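The structure appears right after this line, and notes come after that.
Letters A, B, C, D, E and F mark the chains in the order given here, with residues in each chain numbered from 1 onward.
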Amino acid sequence: MEEKRARESHTIMNELVLPNDTNTFGNLMGGRLMYWMDIAAGMAAGKHCNAPSMTASVDNLSFKNPIKLGNIVHIEAKVSRAFNTSMEIFVKVWGEDLLHQYRYESNEAYFTFVALDPNGKPRPVPHLIPETPEEIRVYDGALRRRQLRLILAGKMKPDDANELKALFFAAEES
Amino acid sequence: MEEKRARESHTIMNELVLPNDTNTFGNLMGGRLMYWMDIAAGMAAGKHCNAPSMTASVDNLSFKNPIKLGNIVHIEAKVSRAFNTSMEIFVKVWGEDLLHQYRYESNEAYFTFVALDPNGKPRPVPHLIPETPEEIRVYDGALRRRQLRLILAGKMKPDDANELKALFFAAEES
Amino acid sequence: MEEKRARESHTIMNELVLPNDTNTFGNLMGGRLMYWMDIAAGMAAGKHCNAPSMTASVDNLSFKNPIKLGNIVHIEAKVSRAFNTSMEIFVKVWGEDLLHQYRYESNEAYFTFVALDPNGKPRPVPHLIPETPEEIRVYDGALRRRQLRLILAGKMKPDDANELKALFFAAEES
Amino acid sequence: MEEKRARESHTIMNELVLPNDTNTFGNLMGGRLMYWMDIAAGMAAGKHCNAPSMTASVDNLSFKNPIKLGNIVHIEAKVSRAFNTSMEIFVKVWGEDLLHQYRYESNEAYFTFVALDPNGKPRPVPHLIPETPEEIRVYDGALRRRQLRLILAGKMKPDDANELKALFFAAEES
Amino acid sequence: MEEKRARESHTIMNELVLPNDTNTFGNLMGGRLMYWMDIAAGMAAGKHCNAPSMTASVDNLSFKNPIKLGNIVHIEAKVSRAFNTSMEIFVKVWGEDLLHQYRYESNEAYFTFVALDPNGKPRPVPHLIPETPEEIRVYDGALRRRQLRLILAGKMKPDDANELKALFFAAEES
Amino acid sequence: MEEKRARESHTIMNELVLPNDTNTFGNLMGGRLMYWMDIAAGMAAGKHCNAPSMTASVDNLSFKNPIKLGNIVHIEAKVSRAFNTSMEIFVKVWGEDLLHQYRYESNEAYFTFVALDPNGKPRPVPHLIPETPEEIRVYDGALRRRQLRLILAGKMKPDDANELKALFFAAEES
């Protein structure tokens, strides 16, 4: 099966925060941002596997800074690691206030998408080759996040999550 | 500060899957569902704290069964635990195919919302009293999930996450 | 043909009033509310007949209290009576201001839906069994409302509307 | 207070039925049509009273022919009668299939709007002068419909609804 | 091939400017207006050719006066000339402030639509008969605008654009 | 007044064609694309002038290839030239079919935006420095397009449009 570079799936979205996207404080609502992040992640997944794909899970998504009405939502998505039939996509979000020339981090999350064949069943995806230090960093963390997802979904025993356990034992032993 | 029962925040939403909510397989897109879950969670948070509130984070969100075009999306949200200024809300989603009288689990996730005062600063929220076995179960797990969120956000050292570590050590020692 | 209890069709929707749903006074526009009420009524009809169905008519819909931007729209729908191929659904709407912990009646209306077979032709629906005093009250009024609908649609002569005439003659004779 | 001709409020809307407006049969959903009818009625009301106004009630709305995906929804609204602070607006809807050059009646309804002053309180509206036979016909029926609305809202006793009673007694005596 | 009068394609749309249609100045965004103009133009094209049709190009579109939140957008579209398989549609837009009884010109543009057969290939359309002075004026200018479109699209040499050149040479010689 | 490089305003948008964006052929509707192009152009304008801005005009917009349902709409916008208080933005659109790994040109257009001060009056914008051959090419053509806009808007006599006339005379003399 062919291999693909991480940067081949790089996807950029820019959206404008309109009144209906905001809560009573004039800030972008979390659910609206998740909607856009999911679309960006889906495009990155599609660029990697050239097949339809479907959201399987979303890892801890943490909102740092709210994005204001009229500001730009800048979203970047890139596949961080490919497994057998699934891909983990790293999505990062910035807000941008053009009037004050101020750009701020808003959010980041890992989405997992499953590639589907024409019958809607999972199908294999190309391997991913990380190249930049950032790509390698998120590639390396992907196994640990996958174990955490499987444990939380009840599909893996904590005892078998070697990558993840190391995180705690390292802390324990030091 | 006053206390509130978990069931006082119970919120039910029913939505219809329309064409624009679906991918090319005719299944509800993940991002659209997250949008609705966030609104349901926000209503439950509002019922608990009677103040404006804002999405702070979303825990591992795992899509089990896709919901088809024309089916009903049944969402239930209830505050699972209240911390100082934040609330964890447990959101559960079912799909419902009325023609075949078939109802299926689709998704569940934990959202965290922060209550805000009129200046947009965090403000205290009432304590939560869980009553049913299910309410007590999600209440008890909330500390562990909170430690995981803090570690993943880089705000807590793994070594200090006693509740969470127990999960792994129990597995280790057995 | 099978029978069904009224409560089996009970449907709850909660929606948030967003900026685009409001008029220049910041109140929910009537048409937007009717859109949601129709979807809630359609879900209740679907739960009763387990078949696709279509709006046939809407009875006098009267707006009591406007619902404000940021408030919750709480909608409840339940089949009130089943006829041969059609169902009358009673829809009730409340507004809810979480900050002031204030809930107020906003609207109520009777929708009529027709059940359809796969060719789009009307098909029989189960009888309805009302159980609570409220369910029995709306069940009893359904014949009168149906006669009124048929007269207004020019499909029944006023003289044949016995149920409805009683309303006026009772007043006349007393 | 100034008077206005019925035709001064005449409002025409044409909308295209898009995928998201349809049910699983590919027909325009009732609620979506009501949303457009309410906007058309509101514009006609605004043209008559030159003030903000709000939906107060909608009379029996009966769906004759469904409008198909891709067809045009042709809506016409005109104030049918002005009362003290409220206006009744007659709304008529046609579907139009351009490919088959076929235009069909779909719906008609009477909306009532209340004019508002800057504090949101009801304010007087100009009298209406009907001119065409059709305008005079709907103008004459407006009192009867108003009595029916008031009775159904519990604001008038059936015994006082002289205009409406005549409808039944005429039938009775003939 | 049959002929059709210009007025047979006359299409009127009225839309309300809602919060989500506006920029931070509370004015209708240009793109939202173009979206509505395109739908109005498409309806006019469909009325003329009674076939599906598709936007081929839009000529210089110039925004004169912004339309405010809560105002009415009044759009009129009419086929201005039919070519072999394409139609030019003249679209004119007014804003209307009902409270101040003030109507103002906002925009005008020429859209070109191509008629399509069931395979998505261009198909002939009826000739257009202009009747009013305004219809004749826009009919006469259509050739010139078409040459300009073809030159700008690189499909015609400036030297062959006789109609268009006359415009400059007339100026040159006078 | 400060100067800015063309590339500082470079804006990328990626959107997914959803069912509601398509006509009956399953192709992206022209108006929906114009809506997105206008938002992309507005963001590029905002990056250049760091002030609110408003669409003033759109030049010949020509649709080459329709974009299919489920495909990606890739939009790039960059300021091509700055005038006194206005900016011309070059917008280019591609369709992308991920399944067939096929990317195709769909559309290009020149938008003009006016920068606004807090009172909504035009305000000066920075000069633009084009750097790449493509940036220089569109920069050079901007004067000619501007003269054409002014003539078509009746604000310039054809005789004064030296840049534009050269286009025709060159052809004439050769």
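By definition in this document, a contact is a pair of C-beta atoms (placed from the backbone, for glycine too) under 8 Å apart; a residue touches a chain by one contact, two chains touch by 3 or more.
Since the structure is predicted, the reported quantities are computational estimates derived from the model, not experimental observations.
Chains that touch both subunit E and subunit F: A, D. A rotation of 120 degrees, rounded to a multiple of 5, brings the CA atoms of subunit A into register with those of subunit E. One simple way to say how far apart two chains are is to compare their mean CA positions; for subunit A and subunit C this gives 43 Å. One inter-chain figure worth recording: subunit C and subunit D are separated by 19 Å, centre to centre, where each centre is the mean of the chain's CA atoms. Between the Cα centres of subunit A and subunit F there is a gap of 32 Å. Counting only residues that touch two or more partner chains, subunit B has 19-20, 23-24, 39, 42, 52. Interchain contacts (touch definition given at top) occur between A-B, A-C, A-E, A-F, B-C, B-D, B-F, C-D, C-E, D-E, D-F, E-F. Partner subunit D is touched in their complex by these residues of subunit C: 23-25, 27, 29-32, 34-39, 42, 52, 54-63, 66, 116, 120, 148-149, 152-153, 157-159, 161, 164-165, 167-168, 170-172, 174.
The touching residues of subunit A, when paired with subunit E in their complex, are 18-20, 69-70. Per the touch definition, subunit D reaches subunit E in the complex via residues 11-16, 39-40, 42-43, 46-47, 50-52, 72, 98-101.
Taken in their complex, subunit A has these residues touching subunit C: 19-20, 22-24.
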